[in-house]
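Residue numbering begins at 1 within each chain, and the chains themselves are lettered A, B, C and D in the order written.
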């Protein structure tokens, strides 16, 4: 992750996070390790839990622990383990966090529920997922948000890379490793055509699959229409919603259908509804179950309905580097912001910092940015160093 | 344009634009004619000029005139003609516009310059181009905007369709009709990777061209990097900037290079710099000039550097229907908004109306929108009828 | 067409076609003109007719006539005109052709029928179309072929370029110019998935159309399956077959359906069946007819069912250059072949010449061919200068 | 593999391979197991070895052995093991093979070298790889081929699926599992643009990689030119050639470059040249080595230069089903052919059988084949049941 290295280097020994006590709840991967090392190098203390019970890379957790980081996570936690780990990050004599880095909002809400007083010392929350951001806006609307929060999920760079490319790059691999399916000519239904759905559709279509999309939002649906078929109101899942794929749909699916989840957590597919006596489960390989109907029909369920890309594939470091760099910058911004710049509200990352994240990643591609001439900058009314676009631009 | 028809039908004889006097300055095409007829059916009076000296479809202008509309435009106007036509729309005894529909801002600025008092009666401006919107924000920043303005260029539906698909659908045709070029294996440089650049790149890449991109904005550059080469700081043009392609670059281009403009007006390519004695111009067919250097090198210049898609191709009606519907809704909104809803500022179209425009266009594709169940809507905290996304979502 | 120039140059003043009297029947286009000039420069005399009543570029025919070539063709010939032109090429006192260059076989069969004795002097036939080649193989099977014939349609280079790329590059343009249709999301049925069908499907799919294919050959069908839907046995047309689209199918089509032909001649679509009293024809613009059913349904018929790319678009010069170069080499080969090399049979172009045609076109792309080392050539058992592949390789 | 099941079913209890003793040397995978079971069900006895020292799926070999099949193979054989296994298949008291099924020609040549007399009883060889076929043609040319051989590598169905889609479907997965590379924007050089190269390029390009191609054959090069850049005469490998990637090129590569082989066996990359004292090898994970130059430069070598798709990915069952069905039909044809139909030569699979293989695979896609009407069949001079294309058609 050369961008985080560049960030560290530009700090030139200064410690913009000196005194910061960051409690984090994200996927525990090699990339997270680099982020934690970077935060540490910039002066922060860190304690970390996993935001997903399946995605922890045990060797990374072990290496971090050896390196002196307090990490509470392992692959295959139970639900109880999950909350125990989160609790261990914050419930500690003599150490109170002053920054939260969250992915999904579980950590934030644990603190809200168990240790609301902790927010007195907390300077801000950085949240990176659709679901977590949604929960923050709900808190804010209800007047219950008591510290500033930075919505990094909707930073332009992250939107255009993390959500889109994480999925575009990992959907094929995740399906191939688990099922050896041939993509060419395969009929696929993708539920939802946001960035995640767009990434999945792009990859599958590029490999020759016949892709159908379901959508609730007419704007996203119309975007899907010009390249795909928006034709089904009865099938499976990328959407940040609860129970997109319900038992009724699963009952109607054809024999051999593969069902998987590229969204968040395990609420997208109603897996609980499949745990009934008349259905037989057969584990055919790691992360792959056949659910067998009384008439012999088999549905292939991947990762028990949990996130496919994190459970059964990997996500490109490059993409995670964008997110990690955005998170680091958001932490620095919130931690160092002068009194009054941020109130008890949810904020988008300042455009300028968003552009900075992007520019730190261009060298990977040997890309040459064109510079505005003075005359052009003047004509456009822009500063030659950006920001180049209005805040609403995406 | 079935969406405008649907709009008219839903009005059910009511006249939401009764009393509106709309002065417009847009491309004069068959689609504009349907828009004008719709506005008229909804109660408005209209006077219209062209926003581009080459794009007027004369037969449309004639048909509108016959139908009793006041249209001042023809294909191939001189610069003087252009301003004369605009002036004729507003400089009239006994008729003062109370709404402006502009594309590029020329009409708006003519009124600012010549008839500033007219703004006393004007209820709002609807503007649909990057350039025009940019000028409005500058006015607003300078405290000189004296009526509410609706920025429809940045409505999500328009952004995702008009700018992207207009170009994606017309770049190939525009080049083919004028030059019979083979796209496969052709090396192309596209200046700028906003929506227009994305559309051009997508179409050219799909047909096998080798596409290079130049960008000034690191976020757009990074998006280009993952599918294209961002490698040149020396070549040609989609950007809404002044003189992207200057004489120096043209001097360096290879023999046979085709130069064209998919951006706005004729400032993108410094055509004036080519009108020097040492260069010979040779018209090889309508809209196609060879500019010949002393050493025999020929550059193929299309439409004298003006907009290729409007001069040498056509734009799909479907895409224009989205824009026209958006414009009509924006006019209705501004005209009927209760006192105080809009101030002297630039506004984006309300999300809900944006989604409405999209939904009016779904029937074209036989697309079926999925409906949220009550439980899902509650879980997501959404109204089942939308809006479905936050305002900043794109 | 730099390849033909290169060919002329390499002849270095020699006249490999000295004494050749070539009678040709092909599309009369600018590219054909360059071919005729090349044949002439290499020593041949030429007389030419058009192989299609719509495709002649009148200005080219005129320029050729001015340049002293005997060309009998104009755009919009009647059927009678068509045969009269062909007859004028061969029915001449004191001049008998000794080589035939045919596209479709009409010329060849006219001579068979009217002037069979002419074959005594004819050294060979070069034929470039599927249909014409098919007729030659039938003659050969029936033992009636009385001179050697070169099937250049199936030369690898031509197959991979002319048939595929002619269509891929012109289908979009042909449809856009005539109908302004938006490709994104459009549902299209392509009849046949040979090279022509593959080219059409590739272009349409690249632009976002939803493409369905019909096929009779299971091998081609299976190739289509892995990227498209092979689902219809009831709709329209690229196939070299008679009446692929019959009245019954046209009766079943939806209102607004566009029907066109990318195959050969006008037998693909049963246009005659549409010339009945209950159907109304309405010409909406040049080459575009609406055929109106009694219930108001309109079918949009392009070019009266004749070849879309030749009637309503253009074909890239690059692709035609490959065909023309192949034709020129085939003529030279047949004309100069030592007695006995070719018998009264149909031959494919020798691989080595096929590779030569390809290599003459590489400079257009600044492509660098890799050379085999001596060791590699020995290991592969190949001559370093080719041929590189077995004859059956495609 | 429903096609093999269909084949078995259509035999309806007949045993077309009764008395056949098939010795095979192919990859030992689940799909091979189904082929062996099918051959056995059709009456044949089988003995089998692996054609690649890395590709054997041990659990399959074990299951076959348990099922009573004589299989000699395991993952990670040494070179000596490899030949010992092959020898064990044929060197047996009281059992002599009468059919050979080979992949690469190693088995065939072992028999030539060690047990030439065995050919007296052998009725034919079925060979499926480029390399093996090449060796057969060399034997034939040298007059040393002593039994008929069926070149199934060049059957149209196999060409269009096995070579192309095996690679297209597995290249991404193979690279992702080993290196977690991000494909978008990655610069890739593919050596060779035959079917294998086309498959690799298509998949990589679809995922946004910038693809360069090297070629020696101008026809293949020209095909590459219209969608890619053919620009390098100095880099890496899909070609069936010896030492395409030599030490000199490896010395010139950039730090971090990934080198892998999608061709045949381990001769494509000169791995031996990397086993020198000044270079350090570091195994970073299974199948992935870093080769480290004295200046610190690292080249990432996958599968020690052996086949990536078989070593580090999987190949879609569907594609292998086509090959296995073709092999089974070729064995049946050669075994049952009347005396004299096949001589001591190399043959392509009869077109009709090729089409049959394709038609057995169409049901997977719910594809509907169109049927010729009597009139159409007559017009085309075709039998309604095929074959539909000339033998040279590909």
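Keep in mind that, in the parts below, contacts are C-beta pairs under 8 Å (C-beta built on N, C-alpha and C of every residue); 3 or more make two chains touch, one makes a residue touch a chain.
Nothing here was measured: the structure is a model prediction, and the numbers come from that model.
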item	value
Target chain C, source chain B, minimum contact steps	1
Relative orientation of copies chain A and chain B, as a Cα rotation angle in degrees, nearest 5	180
Distance from the mean Cα position of chain D to that of chain C, given in whole angstrom	35
Whole-Å separation of chain centres (CA-atom averages), chain A against chain D	40
Intercentroid distance (Cα basis), chain D paired with chain B, Å	53
Multi-chain contact sites of chain D, meaning residues that touch two or more partners	165, 182, 184-185, 225-226, 364-365
Complex interface listing, chain B residues touching chain A	134, 137-138, 154, 156-157, 160-161, 165, 191, 214-226, 230-233, 240-244, 348, 354-356, 358-359, 361-362, 364-372, 375-376, 379-381, 386, 388-390, 392-394
Contact set on chain D toward chain A in their complex	165, 168-170, 172-173, 176-177, 180-185, 203, 206-207, 313-314, 316-319, 364-365
Complex contacts: residues of chain D adjacent to chain B	182, 184-185, 208, 210, 225-229
